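What follows is chain A paired twice: with chain B in the first complex and chain C in the second.
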Partner chain A sequence: MSFQIPIGPQHPALKEPISIRLTVEGEVIKDADLRLGYNHRGVEKLAEEKSWIQNIYLCERICGICSHSHATCFVQGAERLLEIVPPRRGVYLRYLVSELERVHSHLLWLGVAGHEAGFDTFFMYTWRDREVVMDLLEMISGNRVHYAINTLGGVRRDIDETLRQKILDGLAVLKARSEYYFKIGAAEPTFVARLAGVGRLTKQQAMDLCATGPTAKASGLALDVRKNDPHDFYDEVEFVVPTADTCDVLGRTVVRIKELFESYKICEQILQKLPDGPVAVKAPRKAKPGEVVSRYEAPRGENIHYIVANGTEKPERLKVRAPTLGNYAATIEMLRHGYIADVPLIFAAIDPCICCAERAVDLLDARTGEERTLRFSDLRRMANDRARTLSPKRNVEWPF
Partner chain B sequence: MNDEQKIEKLKTIVAPEAVAHPAPRRIFVTVAAADLTAVLGRIKTELDCWFLSTISGVDKGDCFELLYHLGDTTGSIHVRTRIPKADPRVPSICGVIPGAVLYEREIQEMFGITVENIPDPRPLMMADDWPAGNYPLRKDWKFDRPAEVIPGGKK
Partner chain C sequence: MAVLKTILYLLVFPGILFLFVYSTFVEWFDRKVYARLQNRMGPTHTGKSGLLQPIADFVKLMAKEDVVPDAADRKLFTALPVVGLAVVLTAGLLLPVWNIDLAAASPVSFPGDVIVLLYMLSLPTLILFLAGWSSTNAFSIIGGTRVLTMLFGYEVPLFLAVLSPAVLAGSWRLAEIAAFYRAHPLLILVNLLGFGVALIAVQAKLERTPFDIPHAETEIVGGTFTEYSGKKLAFFRLMSDVELVVAAGLLATVFLGGCGSGLITAFVQFILQTLFIVFLLSELRAVTGRIRVDQVVSFAWKWLAPLAVLQLLIVILIKGFVL
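Right, the complex of A and B next:
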């Protein structure tokens, strides 16, 4: 006898809204079905009404974790259409931010994987160390999430010698910590026992269903846009594409930790070879009619933008395919014949990035038990009111 | 396999003038919608190009243009096909590349193109109460934001 169980669109195991419908027999999942669109914002349609420069910032807001990926993918293509070549220093700084973003995204994912596997210490460790790379990104770009460092024809900010040294110091810390994570991720018996054999996706299935990123790499496919389709930078640095052949969540964990080391290696090479000169050139406002396909390896896999220009200052069409959409077909296959208890782990293993940025928080009022949705402005007002009505602390006498 | 070798092979699959090479690692092939499945199947087996990145649709005014973006370890091949707006039909490629189903469902919803023999024709992104016949990525579709009504507000 089979039952249908809906998970989502709002569910404690999911960080973002998506609806999964599972057909189960006992504990075993027989079939899975996905329904998307709970966070659909019509970015592709909106992009047709915005100018080239405005679209960088629109693309940056497609995702809150890999914001730089979409902006870079768009800028790579738009620069081809506008027929400008960014200066080498600008290119190097752009991909420095790319690799640091990959580091922060993978550390975030490692924490989430630990959390879903019931290993919250790992979550605390990785998220603490993630602050190191977040601080570096803030020092480079001025922002922690939407770096806004890309512009048409280069980047918007330069780094100096002090900052260069700080980044190298930060990378040394992260490298030492990542070696520890590798030891845990690949050898800690309880963690390995939880991850091994969960969410199997064979090499043939990964090929048929066009899986991408660490999901494909963990099934033994060395697919990486940085190697296969290097966009005027990645052929100048040395790195390898890590793969695993275990075809399960453990493999995806190991691949991501190995990718961390490759990213550190790329960052160090960028900082050693950093050319002198300007960081940006001036871009024209209008692009000649034409089309371009821009590919970029985001932390979650291949990101592809197809851009058509029509001779005006706005694009005719911007098609965006984020890596998570490419991995959904594979996810359904991974869920099949698994257990219900593995759903959060399998789903987290593709590192789903449905989209982010909720502007409201849910608060549980401890006295009344009533759940309320508050805006940040209300929260701030409440905090200020409370501070105003409190008796001044300086008048309180310390009893000892 | 480098770009020149790929173009050589592609010219045996489609007409030589249908192959374009505008940039390094980017090869564009134009085919008729009826030949789509056969051409993609031959590209997959003969050029070992099995990874479908996505399917892009473009509203060209009098026709729709679909691009099947294929990638491999040395670049990418983009198969272009045009279908008339009056009778927008395209064959499903899921028999060749099973991972295409989500992209085909997206194309159906966003452009109102009928994908024939699609294994799963249900809607994917749009809300359940989305009015029929509204295809947002068509150029003639405009969104009129309904006037905001504040309950109990000023008239």
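Right, the complex of A and C next:
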């Protein structure tokens, strides 16, 4: 007997709304489909209304986990358009926060993976230790989530010797804890039994479907903007891009834990080599007409911002490609022929940030399935008409 | 006098009142141990150290709106929680905790009561399956089928593991089995393997991590309980708590030598032994992740069942050559 199971738009496994439609036979998934557009926020349109400096803080709010990633990606591009070069100390501090953010994001993901696999003890432990890095970020920037440390032409805050020492101490704690998590993630029998062989994505599939970040790395593709396109900093520090060849959720876990160690290494190098000097230069208000593509390796994968300047104080266009969007096609492939029990794990393994990736809304007629393009004012009028005339419909058939 | 004693037995100890209070205490104990193992505080606010939290949860649920889905079979849907609670409370009466007089058998202590108790513990599983099925919700139906699928895995190892101490004691009566092991405490060690198997099987029966598959929140929302709310959900939760106490009491009686005959000693021993077993079960809950339903069945038949048979073999050999 095959029937359809809706995962989402509202579901305990999903922290944000997305709809995964599964056709299942017993416990086995025969087909999967994704439907987006439940969390469209109009960030790109809003960016056209704001000045260059305001847009940094807008971009920071694209994502609540990798907030610094979007802000940095935007700032990298904007600085090229404004033709300014941030001082070395500013650059080092910017990427110090980047790597600490990667640590916090991966620790968070480990906890989520534990929770999705029903291993709540792991979840509690990783999130407790994540507080260490959150505290470090708060000490550096003053904030736990939206650090707001970037500015055009550098960073807004400097660190002193005491703080430098505190960060090194915190990194030592985190390193010891991460080694413990590596042991658990690769050895705890019930946990490994749940992760191994789940959500397979071959190297060829990962390449064809444009997978990115740890998803691609776990399929043996060493794709990392920090190595492939080390913009203005990453060629000055030593690190390797960890990969795994198991092509499953276990591989994605291992890759993320290994990335933690690489991030600790990078942070230590930054703190050792930290140059003296100012942390920021003054930026002009207007950018010359032009366009730029800025790439950045966010914890979830490659983040791309395409920015067009028209010579005014505001960008003409900002296009954001969040890493989650790049992984959706691969997710559908991973879900096929798996078990229902593995859906949350497979979906969580791409570390989805749904609201980051939402750029459009499809308007579908619930009865006919016909797609339409409407002005917002028309949509609002239709909704009001419907609310006035129709009685609430019982037993709405899902999926429409 | 005998009537009064029976009424006391039914209503107070180990009847409804005691089972209600003690099962909520055990839930608190389980939550607290689980929380401390996870570096959390667990319940703290209601009562001293949060002792009253499970009762508060129960009262809160009783006051909540009670929704029955349109498509569900109303009578079955409503009857299941009540029947389930009644079954586990009845099973609780069979535990030999107080009026154990081996010579003059009371109505609830008879040869073969260990089998009856095991069957009574199987009924909640069936009730959970029916609850899932009668909810007519896709998540509930999957939860219900998972309940049954798991049953095929753990039931046989559990029966084999619990019955082998009975074989060694040469009795099918719980009170006699307990008396036998109190007379020969060293023989308890013979059943250690069976104790381990029974602990894991009981964990599966109670649907606790790593076997909380039928109501795996992140996969199928509430599983069997998705459509249940209010009083019915409160009854189901109480049912699970009482089932935990009864299962722990069964293991204590069969594997740990049960309780003495005096009222106070019996009470204290019962509490200590069941808490010990619940502690082990909480520990198991904290250190494992949820496995898949197919992994449960293959694990049960690859490991639990052979180990239970091995235990039975050990018991038969010892009974034949040593005793």
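By our rule, the second predicted complex is superposed on the first by the 353 of 400 C-alpha atoms of A that agree within 3 Å, B and C clash if a C-alpha of one lies under 4 Å from a C-alpha of the other, contacts with A are read in each partner's own complex, and residues count from 1 in each chain.
Throughout what follows, contacts are C-beta pairs under 8 Å (C-beta built on N, C-alpha and C of every residue); 3 or more make two chains touch, one makes a residue touch a chain.
Bear in mind the structure is a predicted one, so any value in this text is a computation, not a measurement.
Partners chain B and chain C, once the complexes are superposed on chain A, both fit on it without clashing. Contacts of A:Pro12 after superposition on the shared chain: chain C is touched, whereas chain B is not. In the superposed pair of complexes, A:Gly153 makes contact with neither chain B nor chain C.
Contacts of A:Pro214 after superposition: neither chain B nor chain C is touched. In the superposition on chain A, A:Ala341 contacts chain C only, with no contact to chain B.
In the superposed model, A:Glu188 lies in contact with chain C only, and not with chain B. Legend: residue contacts after superposition of the two complexes on their common chain; A:Ala329 is shown touching chain B, with no touch to chain C.
In the superposition on chain A, A:Glu316 makes contact with chain B only, while chain C stays out of contact range. Closest C-alpha contact of chain B with chain C, superposed model: 24 Å.
Shared contact residues on chain A (touching chain B in one structure, chain C in the other): none found. Across the complex, chain A meets chain C through its residues 3-6, 11-13, 26-27, 114-122, 124-125, 128, 188, 190-191, 193-194, 339-344, 395. Chain contact summary for the complex, chain C toward chain A: residues 37-40, 70, 138-139, 142, 145, 209-210, 212-213, 216-221, 286-295. Considering their complex, residues 35-37, 40, 42, 44-45, 80, 207-212, 222-223, 225, 227-229, 292-293, 295, 302, 304, 306, 308, 316-317, 319, 321, 325-326, 328-330 of chain A touch chain B.
Here chain B touches chain A in the complex through residues 23, 25-26, 50-54, 56-59, 67, 69, 71-76, 78, 97-103, 124-127, 136-137, 143, going by the rule given at the top.
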